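Should a chain be cited, it is by its letter among A, B, C and D, assigned in written order, with residues numbered from 1 in that chain.
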């Protein structure tokens, strides 16, 4: 599976190869913020993965901790991991740049560092992520396609000042910029259903009629805002929240749903285990984008009527054999 | 030295000063007299640059000045002890005294050694040795704080020293010493403006006096050129005889209303037993800071009791909090009406009804009509002077503020009234009203515990006087034995030998 | 009513900035409508009132607490925890009344703990309630294992949050009812009286024989219960509960209280002003959002406007002036 | 005598000793040079932020913009620092100047605008974080490695960050607090009306205190930059309320006039190190905030109950 699964980011991505070590390995997951569903699932999936029969023998210990959004707390946490002599640190960073120096230290101490999701900028770490620009572009293409390249588009951004928000929005602006008949209105939804619902309700109340929505999070709230305003729901390109997909399965508006996958944590561990065992891996790994449209919605596979709206549905990365069921991960204690 | 002409100042609608004149010679001690609200403190604040006059001119040593702030006044040699203490409770005595002009050394660092030395010199000038320069001001008694305040002004080596009721909390001996020092300063050319409501002090120490009434200058006369009655008349615009109401006769046989045995609290109340009968005023006397305040606050449940029992009407009373005290019929008129008695920004109406609010409505709500009727009746009964009950308590004069504090308690059904120096800083007319009120309480069969710094009040109002010393009752005087001499003697005779005893007795003679 | 009492009322009204804040609200509305006439549409007014309801309800409690001179920073996770508890219980088949009752009970307990810290242990609420917030965050995560429950929401909760009666949204009516109660309680009740006294001069109240601890209990429990109510409304609005649903509700209601002219140190102000403050904040956010300036610009403008407003009417008097 | 003076810091000291003791029991390696450096670096940013907060708290205010200034300083430093020693020094000074400027704005609004400090700084919190976002719309930037190691490295058992902290405390803050300005700051916090009547320039004192606070917050930002070697506009958020917590825990009184530097510094280390200790103790993620909040609440409660025990109710209410 590795050749399909562990794909280099681009053609010029260097490959890295470490001296093979003998397992089992001590692996630590350093997470920053834990106060949302995505991060919870991410940790749960990581734990599930390390308990798989084929993985378990390779792992001497696996510990996941979260430091909160404070960079120096995460630095301390990683220092702590260095002290306790782990073989690899899997990190979801509080800041893309703030951990660079501690990662350098870890690498100097012979520890493998794999950074995923909110990835770091240092080249000393192996990066595992989905291409945020590509995601933003796919959403924008979808909207252009559905609107015929004209009309008012509502752009629902995420949290200002973050890399992910910048990248995805950059893609949107690049695409929409090519269509002079598209007029965009930006709001910040903070990747949060309630906030998104409020700001979208606000934008709708201001009187503009929107022909499409490009939204990078809080999509359940986006749909609800349209519903509550009593408007027909336009084509929406958005993330992969369960509520968003549930609503689409009822309302059947044109939808494109691409999710940042919480299984990136498992993929990162997979990459780490490969690298520790001396296999050659790319310095930056591009994970596939799990795309779902109104037609490909499938109950129990890519959306779950019995589970909360804020659940992130993109829990599997099939090409890598990383298939998880909702029940399986939800029972994991974090 | 100083001449202020045509000074006017108003606050909103209140004309505190109206074209008032005041002048003070070089090297004189000059008293400024007036009833509460006459505008004395306002003049003081203007002279010290704290407030700016609406009109008028000030000249110091012939030079016309216009103070933009207190700093300017200090630069012109004016130092002031304000009526409201301006100390820093959590700084040390030494730091307080030299605040703003501490001796500094290398790189502007404050030199602790020179600071200590300077404080030592100042203390020596007044013969003070019981205050530690390193003590926190918060830990000092009110009288010691007032001393610190005076030292703070003296440390500026002023040309003009202003004491706005700066001796109100001082015992007699301290005042004596202070004036000995002031006379020395006077000889060096310093002028002193002295404000006090204690006529005896004024008589004894000042050269001339100026009387204000309602913001106007009334007269300036030599200290002994007018009789007490004349001065009071100038202050109030009418004749007032200072006389005490007749004391209620209390039968020895009557069962005590309040019985206290072995009450101790904190570090300064070490075991006090006393009884009060209905209709009786029990006076509490003694030098400053002998535990009198702690006694009253502990009886009221505001201080934690370390030992002792309290019985009311023969039944043991557990009084651990003020609300328990209130429920058992105890009322307290506290030391400082501004910070403890009243909520100054709230209205007269609201202040009067705090303690009886539950009775003025139903289901936790207040009936505006009932409340208004109640407030009107209380204001009438106590003759509170206020334009409207909606005014903030802050806008009332000191005496009227004190009446609000009493009004709060009158209808709570309290049987025992604890008064902490209720007439401090109150003018003669209002004082008289308070004496009548206290007598009225005894006629209704209430019991009163009255602590006062004015011995004459104790003599005039009390059936018995307990003199406190070092947290205990040194002696209880009764009937004809309640005299100035006996109270003073009792304050000094018992307890620890005091190093300064000789000085005081000498001064008292 | 005599003229002097009337004058005193008018005086108090303007002094505490209430009149000014309403004046500003009007100016803001006029400006908004000129900028974009759609602001005056019934749809927009409904949407704004809807959003204002959450902030307004939380600001009730925050007004009471701030009047005592304290502050409640435990709102975000208190709101989140109780809402999730409600949704979970309801989802497990307990009745709607039990579920909502349990949420309110949590609110009461949290309020009591906040009050105990402030009134008994005399800790400043700025720190105490912050600790409480962290504690509640942890409890929420432990309780949910990081995954809030599926979103079946009791019908009447949805009705309260997004329902309409006679073409008028229910949520603002709910707010109006609570607002009216708050205003009456502050003006006419013993608790209200003592609240102002505590904020102005607690020792004086204590020496009047009144247990000021009860005032803190009342204020903090009210604040906490308001947070829970807002959480319940928010749950109905969003049709779900989720982690972090309270994140937006820490500073904004406090800003509303301040803009409404209540003194942050306690003792002055009231809910009449807070209503204007709430509407100003909501309108401002909406204008800034519609005006399409980036987040950085929004932050700067929001801060500058708060300062400008406060400079206009909430400047402090110096003690010696 | 010394004990009495530092009584207010005692709680924080005891708590830190217990915490470090337990940490050492769980992770003996913290007694290594690396461990020392780790511990020292971990608390230094918050300690500097707490000193900034303390300076303002002493005047009777509170500075909610501390975190924003930390973030602004971090954004400026990491964006403009460059590589040459000359540009490093220039940018460090520029950053300190920006901190001073932010403090100046706070101070002027508080003193001359007569707006409650908590309101002023709540508003400037938005403003400064807005500027930080303008400078650094997304995380990035860099600082030369010698800048980072000079501040965060160590010489044997001696971490440089402790030296930084000592220098800032003893050579910058202490001389100020021991000058007339220092006593004026305490006096203004203790009794503002009294300070005015005593001839202290209240407004200038307030402005100075906020400026000092701004500079110290910028120091925190500069240290954080060395620690993270990059810039992030949103990085400072956590320091606002944590600095308030450290100041209170360290024995200073919100309301002004009382507090020494020692307590808040120690408390800052305590608050920063807890997270590592929880990690070392194997506490699961979700329980971490339970513990963090719980420990903070418990320690404060215990500390206050201890001091309240000996005081009477009335004076407790007065303070």
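Quick notes on this one:
Everything below uses one rule, namely that a contact is a pair of C-beta atoms (placed from the backbone, for glycine too) under 8 Å apart; a residue touches a chain by one contact, two chains touch by 3 or more.
The structure displayed is predicted, hence computed values, not measured ones.
Among the remaining chains, those touching chain A as well as chain C are D.
With A-D and B-C as the two chain pairs, more C-beta contacts join A-D.
Centroid analysis (C-alpha atoms only) places A farthest from chain B. Here the spacing of chain A and chain D, counted between their Cα centres, is 34 Å.
Chain geometry summary: the mean Cα position of chain B and that of chain C are 44 Å apart.
Taking each chain's centre as the mean of its C-alpha atoms, chain C lies 30 Å from chain D.
Distance from the chain A centre to the chain B centre is 72 Å, each centre being the mean of its Cα atoms. Shown for chain C are the residues that touch two or more other chains, namely 137, 141, 145-146, 203, 206-207, 294-296, 320. Multi-chain contact residues of chain D, defined as those touching 2 or more other chains: 133, 137, 193, 196-197, 285-286, 288-289, 313-314, 318. Looking at chain B, residues 50, 302, 321, 339 sit in touch with two or more other chains. A list of each chain pair in contact follows: A-C, A-D, B-C, B-D, C-D.
On the side of chain B, the complex with chain D involves touching residues 48, 50, 69-71, 73-74, 80, 82, 84-91, 95, 99-102, 104, 107-110, 152, 265-266, 297, 302-304, 321, 339. By the touch rule above, chain C contacts chain B in their complex via residues 2, 4-5, 8, 188-191, 193-194, 196-197, 200-201, 203-211, 267-268, 320-321. For chain A in complex with chain D, the touching residues are 31, 34, 43, 63-73, 75-77, 79-80, 83-84, 95-101, 121, 160-163, 166, 333-334.
Looking at the complex, you find that chain B touches chain C at residues 45, 50-51, 300, 302, 321-323, 325-327, 332, 334, 339-346, 350, 354-355, 357-358, 361, 364-366, 368, 387-388, 390-391, 408, 412. Taken together, the chain D residues at the contact with chain C in this complex read 62, 109, 113-116, 118-120, 122-127, 129-131, 133-134, 137, 192-193, 196-197, 241, 244-245, 248-249, 254-255, 285-294, 296-297, 300-301, 304-305, 308, 313-314, 316-319.
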